[in-house]
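Each of the next two complexes has subunit A plus one more chain, namely subunit B in the first and subunit C in the second.
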Partner chain A sequence: MSEFFHQYFDFNYMGEHFWEVLEAFLQNLLIFAVVAVLALTWGLILALLRQLPGKKFMPVRFFTIAYIDLFRAIPILIVILLISGGIPFLEFIPKEIRIPHWFGKPDPFWYGTAALMLVYGAFTAEVYRAGIEAVPGGQMEAARSLGMSHWQAMRHVVVPQAVTLIPAPMLNEMISLLKDSTLVSVIAFAESVLISRELLAESFNSSALLLTGFFFIVIILPLARIVDKLIARNQGKITRGSHIEVA
Partner chain B sequence: MRKTRLTAFFAVLLLAVVSVVVIGCGGGSDSTTGGGGSETSAGGGGEPLTVGSDIPYPPFEQGKPGSYTGFDVELMEAIAEKIGRTAEFQDTSFETIFRDLAQGKFEAVISAATITQEREQAVDFSNPYYLSEQAVLVKEGSDVKSLEDLEGKTVAVQQGTTGQELAKEELGGSEIRPYPEGPDAINALKAGTVEGVIIDAPVAQNAVEKSGGVEIAEKVSTNEDYGIAVAQGETELLKEINDALQEVKDDGTYTKIYKKWFHAEPPKEIFTANHEPE
Partner chain C sequence: MTEQMVSLKGICKRFGELEVLKGVDIDVGRGEVVCILGPSGSGKSTLLRCVNLLEPPEEGEIFVEGNDICKGPGSGTGEQSWELNYVRQRVGIVFQQFNLFPHKTALENVTLAQEKVLGRSKQEARAKATELLERVGLGDQLGQYPETLSGGQQQRVAIARALAMEPHVMLFDEVTSALDPELVKEVLDTMRELAEEGMTMMVVTHEIGFAREVADRVIFMDGGVIVEEGPPAEVLENPKEERTKQFLGLVLDR
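Here is the complex of A and B:
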């Protein structure tokens, strides 16, 4: 039992390596921030493409749905390994893009963010879609009858109402994204899990992993409470009738 | 609203039921048939000897669960046979392997593990069963001809290995990338995202033969002896392993296994190599 506590709850050891692990955890936050911006944008584009009306946009809808299905089905770990192991071999791509070192970040960082963006773009697209589809169909019809085009109706009527519905599920996705940023450790990017495991290999003590877990809890628990609040607020709106206030 | 929730609930339920059924079919046999269906690898019968190893690490350990093979695996099976037990391998991750051994998850570790003072604070090692070198693995036609040439360049290693220690000591100005598994590091070299890999010489040799496109620029002797590890205080088991290892060395089994995996005669020093646990 004391061996167990020494192995995982060695507070002296945590104190000694606190800054080292925190610095590595900031790398997780950085991955998260970059991917969040990219995936939220990419997801909105996908969601809008998926809503395009009419027969001529059939192929666009088809490919968007195929993309979303595909990336929701493949484990992220596989996407990360495939991108980091595969892209560098594509010699027709210029080397600066194939093996990127942008903004002083090593290539594993960019392979990781690319993989997470591709996958989380698909997930966020589904959240956007749920929001858009929750806006009563009459809103779109009314806007169109006033002479707006599909895009105008989307931009001015449907999407503004949809975004008030999605913060809760979207925050859930973002929480998963922050946690999944640790997967980039498999391609040797020095984020918190990799650094904790380095410390483990050096000292045979696992406490750094627990410290890393603690950092995640500190960031994620408040976010989870916000999700609860938002869900409660949305429930209120729905029970008051299907009228949705535009924030 | 209610209906969709109900549908979602049943969808999740269905998924759960299907996974339980699938998992149940796979693992259910030994729980229902009792002792009948336990898995054993080839060996000398008797009580199983559980052995931890980080697989794959060709040519030392490779293969799929149930049919592991490699130099370490065959040597351990031969040793277990001499003791009158059957080696049962458990795949585990290298950086936790000694901790898990100390915690009793398995009785012994054979995993191309170098005997180091640091590790001996956690576990006890047998006499050396292999004398190792580190290799600097580079892409074919690379400008890198030696370890020093890697200074300032991006270098891949396997996490928790002596190759990583060597890189840290000798290449202060390089970016060192610790990959969880050796093959990932070699793949990064082939992909061109790193300029060199520092890894155990036989692993590098195996990569040169099997994968191609890479070559060994330099071999660096690091006075590394591989040993079989047991938990501290397991003096009886350690003695049994040491005696069996010597027998295997003396009766020619060792040479046979060595030749099979390394295509060369074993060095003479190995037959008399001794190690005193601290």
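Here is the complex of A and C:
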């Protein structure tokens, strides 16, 4: 039994490498923050493109739906590898873009964030869509009948209501995203999983990896409770009928 | 003859297999109040929604102030086009379910489209909205959100919101049907005042009393066609058609 504890719960070993692992974990938080901003924006754009009305926007809707389906179906790891293993060799792309070193971050960081943004944009688009479709159709009709354009009605009437309905599912996506930031380790970006794997390889001790897991738990558990609170609040809203008018 | 504000000619509308309107002709003169009665499914609401192209008709012509709004690009598809903007700036509509914007106060409900569509300044829009909300008796509720207002109050905000765009014609789509009985009067009173001020109105309603008092003309629809029309005294007191008699009998007998 002590062997087991030594392998996984060696507190001395954890203490020795605590700051090293924490610093690497901050890289995960950084990936998360950058991708969250990008994906929430990209997802909203996709959701709005998907809602464009009428015949003439049919191709736009078609390609948007195809994009969303595709990127929800393909494993993120494959997207990361396709980007990091392909883009650098496309010589028609300027070198600063093909091998980016923006803001002092190495190229694997940007390949990883790009891949995560492409995939999570598709997922968040679906969450936005659920919110938009939950807003009663009468809202769009009322706005349009006052002379607002489709875009104005979306901007001022539908989307502001839609986003109040979706914080819980959106937060779930963000939790997934934080965990998936560890996938960038496969293209040699020094985030927490890569660092703790290196430690595992040199010492054959798993405690650093467990410490990394612990950091994720510390951040994510409170978020999961917030999701529960948000769901409860939304249920209250629905039963009181304040946000959803029952037609 | 008075000037034609709205003129519908041979309006047909289908939802899939279901033929909702089978060739309807209506002329509405300036300042005229036309009440449209009929059983559910008779097509009266759809007809109203055709007038501002919320449900563009498949066949027929619609003239608003003499302009054909179904011709040209985008017609019949609900797409944005000059006709759509033209219509929506001249024709206001009030819905059965109010459809107020729940995330905006009463005042903001009335100012939003003024600012975004008419390009009025914040101050102009606020002044206009305050004036209109006072007119419908809600001068003391400007900062309230719709959820804190009664159904009758919400519907009056909706009327003020439509009036803020200075429409030439107002459409009322069963605006009292979702209200508690004791709240119906305040909304009808507001509409009556509007009629007295000379607003051109097309009113789909089940309120026979309102039609009798306020309407210049009553239209009875059933099965997607006009069964009978004329002054309220004629159609309501002395209907010629069997179907009209039957309907009025059922409605008035309650």
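Just so it is clear, the second predicted complex is superposed on the first by the 241 of 247 C-alpha atoms of A that agree within 3 Å, B and C clash if a C-alpha of one lies under 4 Å from a C-alpha of the other, contacts with A are read in each partner's own complex, and residues count from 1 in each chain.
Note that in this section contacts are C-beta pairs under 8 Å (C-beta built on N, C-alpha and C of every residue); 3 or more make two chains touch, one makes a residue touch a chain.
All values reported here derive from a predicted model rather than from experimental measurement.
S.K.: Under the superposition described at the top, does placing subunit B and subunit C together on subunit A give a clash or a fit?
M.R.: Superposition check on subunit A shows subunit B and subunit C fit without a clash.
S.K.: For A:222, decide between first (touching subunit B), second (touching subunit C), both and neither.
M.R.: A:222 contacts neither subunit B nor subunit C.
S.K.: A:157 in the overlay: touching subunit B, subunit C, both, or neither? Say first, second, both or neither.
M.R.: second
S.K.: Of the two partner chains, subunit B (first) and subunit C (second), which one does A:89 touch, if any: first, second, both, or neither?
M.R.: first
S.K.: Of subunit B and subunit C, which one contacts the greater number of residues in subunit A?
M.R.: In the superposed model, C touches more residues of subunit A.
S.K.: In the overlay, answer first, second, both or neither for which of subunit B and subunit C A:146 touches.
M.R.: second
S.K.: Return first, second, both or neither, reflecting whether A:106 touches subunit B, subunit C, both chains, or no partner chain.
M.R.: Only subunit B is touched by A:106; subunit C is not.
S.K.: After the superposition on A, what does A:198 contact: first (subunit B), second (subunit C), both or neither?
M.R.: In the superposition, A:198 touches subunit B alone.
S.K.: Determine how wide the angle is at the CA centre of subunit A between the CA centres of subunit C and subunit B, giving a multiple of 10 degrees.
M.R.: Once the two structures are overlaid, it is 150 degrees.
S.K.: Report the closest approach of subunit B and subunit C over their C-alpha atoms in the superposed model, as a whole number of Å.
M.R.: Between subunit B and subunit C, the shortest C-alpha distance works out to 20 Å.
S.K.: Where on subunit C does subunit A make contact in their complex?
M.R.: Spelled out, the residues of subunit C in touch with subunit A are 52, 54, 77-80, 85, 88-89, 92-93, 95, 97-103, 112-113, 116-118, 147, 158, 161-162, 165.
S.K.: Under the definition above, what is the set of subunit A residues touching subunit B in their complex?
M.R.: Touch residues, subunit A against subunit B: 3, 7, 84-85, 88-89, 99, 106-108, 185-188, 194, 197-198, 200-201, 204, 206, 238.
S.K.: Along subunit A, where are the residues that touch subunit C in the complex?
M.R.: So the residues of subunit A in touch with subunit C come to 53-56, 136, 138-139, 141-150, 152, 156-157, 160-161, 164, 240-243, 245, 247.
S.K.: If we count contacts the way the header does, which residues on subunit B are in touch with subunit A in the complex?
M.R.: 1, 94-96, 98-99, 102-103, 122, 154, 156, 159-160, 164, 175, 177-180, 184-185, 187-188, 191-193
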